[in-house]
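Next come two complexes built around chain A: one with chain B, the other with chain C.
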Partner chain A sequence: MTWRIASQLALSGLSVGSIYAIVALSLAIPFKASRVLNFAQGELVTLGAYIALVLTSYGLPYAVMVPATLLIAAASGLLIERLVVRPIIGAPEFTLVIATFALGLIIRALIRIHWQDNVFFLPAPYAGPALAVGPLRVNPSYLVIIASTGILTALLVLFFQRTKLGKAMRAVSFDPTAARMMGIRVNTVFGSAWALSAAIGALAGLLLAPVIGINPELGHLIIKALIAAVIGGFGSLGGAIFGGLLLGVLETYTGALFGAALKEIIPFAILIAILLVRPQGLWGATPARV
Partner chain B sequence: MRAHRIIIVIVAAFAVAVPILGSSYQIYLVELILINIVAAIGLNLLTGNCGQISLCHASLMAIGAYTTALLTTRFAITYALALPAGVFVTTLLGASLGYPARRLSGLYLALVTLGFLEVVSIAIEEFSDLTGGVRGLKLEKPELAGFPLHTAGLYYFVLAVAIIAIRAGLGLRHSRYGRAFDAVRQSVIVAQALAIPPGRTKLLAFSIAAAFAGLAGGLFTAVVGFIDPTEFDISASLRQITFIAVGGLGSVWGSVIGSVILTLLPEALRGADEYSDVLYGAILLAALVLAPTGIVGLFAPVFRRLGGGKAQLS
Partner chain C sequence: MLGANKLFLAVATGLVLAAAPGAAHAAEQGVTADSIAIGAFGPITGPAAYIGLAGRDGAAMAIKEINAAGGINGRKLNMTFEDDGHSPARALAAVKKLVDDDKVFVLFNVAGSNGTIGTIDYVKEKGIVMYVSFASAPGVTWPFAKNLFRGGTTEVPRYGELYAEYIVDGMKAKRIGILSGREEYPKNEGDALTRHLQSWYGIAPVKRAEFNIGDKDFTPQILGLQEANPQVIAFFGNPAEAAIALRQARELGLNKPFFVGTTMVDQGFLNAAGPVAEGVSGFALIPLLPDSSDPAMKAWHAKWSADYPNLPPNRPNIFDVLAYSDMYVLAEAMRHAGNDLTTASLINALENLHDYRVGPIATPRTFTKINHIGNLRLQPMQVKHGEWVQVPWESKRPSDILQRYH
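This part shows the complex of A and B:
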């Protein structure tokens, strides 16, 4: 393998990994706040892509459509938190896992009823022929994905370090009871965490749509995001990004070196190995064992 | 004769009369109910009693179905041997999943079983020369010891197996193992203090659940005559979870009631096929949020008045 091929692969691995990282981030935020892992997050990615599709069909220009999509997605996250999650907070883990799964099933089935299994392509202003960057050929969509992940990470760091709401979220995740006694509205924080997470999920949908097309199974990538979250350790935002990028790069190299079958299997091998050897993830600190 | 005995006699008489009075489609439907009952009982012992989340019950059923199907079609082994072989292979794979999974709980267990589900579906699609991949696998009608099973014969065979499975489920539920499952679910520490090894108990629960799933899969091949990976995907796992969550977690009769109602429900709403996933999801969500004890829990006072006492709810 020459250096050129190796770096070409690294680039596409990083862009795939960036998508995993974004979805893993969107899983980690509500998990950190409310200890609920949203198994319907994949469907929120799908939903984001379809919202964008509908808005585009109304003739909204891309620059207006993107923020509108994120806002609608955030509202739907708020709605889900209020209607589904809040009544079962504190319930046994079985209930939490299965309830979010059921929610995902409903969203996916509704999308499939309306749009069937057709694949739609979302036009994006940046999509176009591959660019030549030095000796490499780069799909501009990949560059946008990687850049968006970087910007999103920076914004989240600012949000959690500098803003009142971000600090409140960290306080709630540390100790909800103490946070409530300090005058933090815990329910508002839960709601905002879910809204933020839904918006980030929709962003992943927006970024994916021009690359692989919109279809009801788009959300299936949640499995990869979950594995990324396991690699990084649950609830760790840095871990989510690290896990996502690592998984994307590993997957791409495995595919190139050993073929597609192994590429499909490798994420699960990693998942099982990590859960057996180091269940708290390579990054996190919470033990998973009883 | 107590009231609950009378109910059982009526249901049994009805079950026996189905092939005589019912159309071939109605017979098929009751067979599906019976298969779902077998699968649900296994899942309920693992999830309801032992408290272990499993999202891969459908893939264990797939392993049973594919093993039975491949042995009968590719190796010309009689169904009477292929079915137990399928159960054996599934139990073995269930145990090999349970071995690493016995140390995990909650979320992490959900992830491992979800991973297992994905790996099984990838394996079915990758080895398409053997399994038919996404195109599926078509099967001959099964024969038992040289006699081809026709509609009525197959029906009574499935019915007999389902009754044995219910008996076995009830027996297990009240054996020391069943009580050990309950102890592990309620508190691992208390279980240990009572000299119940949590790891081994969970491993046993995984193996038993797999055996029931494998049996259901083997029956499914014979009844439906065609299997493909979509029959055993995550929606199928969630459907089985719906059976036990709606019927009643930790109760054998809950598994039975849930399977009967939820297999019939989409039939009652025919013409709305595409809405079946929405329906199942909504029912599951409603059951979890509004009635966590399931139908058996909701109607517990009624059951008790019928004379079954507490055992009736098991």
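This part shows the complex of A and C:
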């Protein structure tokens, strides 16, 4: 393997990993706020992409389409929290997992009714020919994904540390009862978390659409995103980013060195290996010893 | 000893029973006085849904027309469709349901090779006729089985022959790279091309790279191919994967011509790939693609649009046309089988079909008692100015496959 190939693979791995990272980020938000693992998050990414597709088909300029997509997605997240999650928030965790899983199936089936399994690519103003960086080539869309993920992470860190709503989300995540007793409107926090998560999912969808296309199966990325989030430390924003990038690079090198068959096995093998050594993930907080 | 009267009664009863039409055997499953039950299956969910949905809709459109014209010998066709999700296990479950629970007379298969391979042994055992419209899996027609027929697509070794001859003699390439999916159909096509490059031309691919269905990044494979410096890259997979792989190849500076499998020779691939598809070659399974301006195809397209006004872009695709055409083939055979429609009479009728097609939108089908591959013709095409256009090229080499049927 030459240095050029190794470097190109690293760049490709980081590009693919950034996709996993941004989806992992959207998965971490509702968990951080409401301790609910949202198995419909992949479909919220898909939904965001289709919302962008529809708005684009109506001729909306890109600069208008993006915020409109995020707002509609946020409203969808709010609706999901109010109608599906809140009524069963006190139920056993397995019930919540199944409910979100079923919700994901419903969203996917509804999308299929009109668009079936056709693939669409969303035009984007930054999409264009590959940029040459020395001997390496990089798709500008991937640079946008990487940059967006970085900016988003920084904004989210500031949000959770400096804003009233962000701090309230952390408090609710830690102990909803105590938070309620302190005067925090827990239901408002839940709703905000799900709206935020859906908007981030939609952002992921419309960033992915020019690169890998839109179809109802786009949401399968959630599996890799979940692995990335667990590797990094579930609930940790930095961990989600690190886990996603690590997964992307490992997957790409595995594919290059050992072929497509092992490429599907390695991520799960790594997940198990890490969890055996650090059950809380690479960046997760060490659980207190009793 | 029977009395004379009782003896007479017994003999008379026997004569009456023997004379009654159809009395010598039980009624055929799925056939009544006024209907014929057809069981169809294919993927309508998952990454291969673009073939199953089109197959279902194309077949349904044909059935609607046939029934409107009076049906087959006074019997209406009723189709029950099952989703196989492109999985061998689910396809087998679908077929078992159709045969054992729904009691269909004949199976109309619009599944891909991946689903089809799960059903072959069971269908052979049951003896029910299965007419396969799309799947190129060799097991459908080799080893030979009396009750299995292949319609629109030809057997995958024949693909290998034509692809090898076109790439080497037509595209003048000796260094060939192959990028193929790991599931049944693309793997078979890649293997068939590799075999025939070796057996006919003494050429081994300079690189064979594989990917998983649904993969979104092909950088490792493309870099490997780039290192091998092929003159042509043969791609076998689904249109969505082809579009991404082609784009990434051009991004990474791999600018060699691409040759693609038959599922890519369709408008859907062009819509997904955009300008990077220019110059791509492949073989079409039908003489006229759905977006052709030929009057016959335009007329068919108009009928299809009337039946399915709200379907999204990329439809109808080649599988709509194939399934429509093949349902007419099956119906024609059932018509020739006559009123006494049985599995045996249907097989006999199919084996006596010669050059039948519903119209210019289809390739003719011919079956014999020893050859159940109905279509041996593929049309070479190339993308020029954003459209698939026919390439004036014909195969000159005799087929090894056909020798075994003589």
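Just so we're on the same page, the second predicted complex is superposed on the first by the 278 of 290 C-alpha atoms of A that agree within 3 Å, B and C clash if a C-alpha of one lies under 4 Å from a C-alpha of the other, contacts with A are read in each partner's own complex, and residues count from 1 in each chain.
By our rule, a residue touches a chain if its C-beta (ideal position, glycine included) is under 8 Å from a C-beta of that chain, and two chains touch if they have at least 3 such contacts.
Bear in mind the structure is a predicted one, so any value in this text is a computation, not a measurement.
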item: Partners on chain A (chain B, chain C) - clash or fit; value: clash
item: Which of chain B and chain C A:88 touches, first, second, both or neither; value: first
item: Partner chain in contact with A:264 - chain B first, chain C second, else both or neither; value: both
item: Partner chain(s) touched by A:217 [first = chain B, second = chain C, both, neither]; value: second
item: First (chain B), second (chain C), both or neither touched by A:175; value: neither
item: Overlap of the chain B and chain C footprints on chain A, listed as residue numbers; value: 112, 261, 264
item: Residue ranges of chain A in contact with chain C within the complex; value: 5, 8-9, 12, 15-16, 19, 112, 114-121, 129-130, 137, 139, 211-213, 215, 217, 220, 252-253, 255-256, 259-261, 263-264
item: Of all residues in chain A, those that touch chain B in their complex; value: 37, 39, 84, 87-88, 91, 93-95, 97-99, 101-103, 105-106, 108-110, 112-113, 223, 226-227, 230, 234, 261, 264-265, 268, 271-272, 275-276, 279, 288-290
item: Residues of chain C defined as touching chain A within the complex; value: 45-47, 49-50, 53, 182, 209-212, 214-217, 219-221, 223-224, 227, 239-240, 243-244, 248, 250-253, 268, 271-272, 274, 310-315
item: Chain B residues within the chain A interface of the complex; value: 47, 51, 53, 55, 100, 103-108, 110-112, 114-115, 118-119, 122, 126, 188, 198, 234-235, 238, 241, 245, 274-275, 277-278, 280-282, 284-285, 288-289, 292
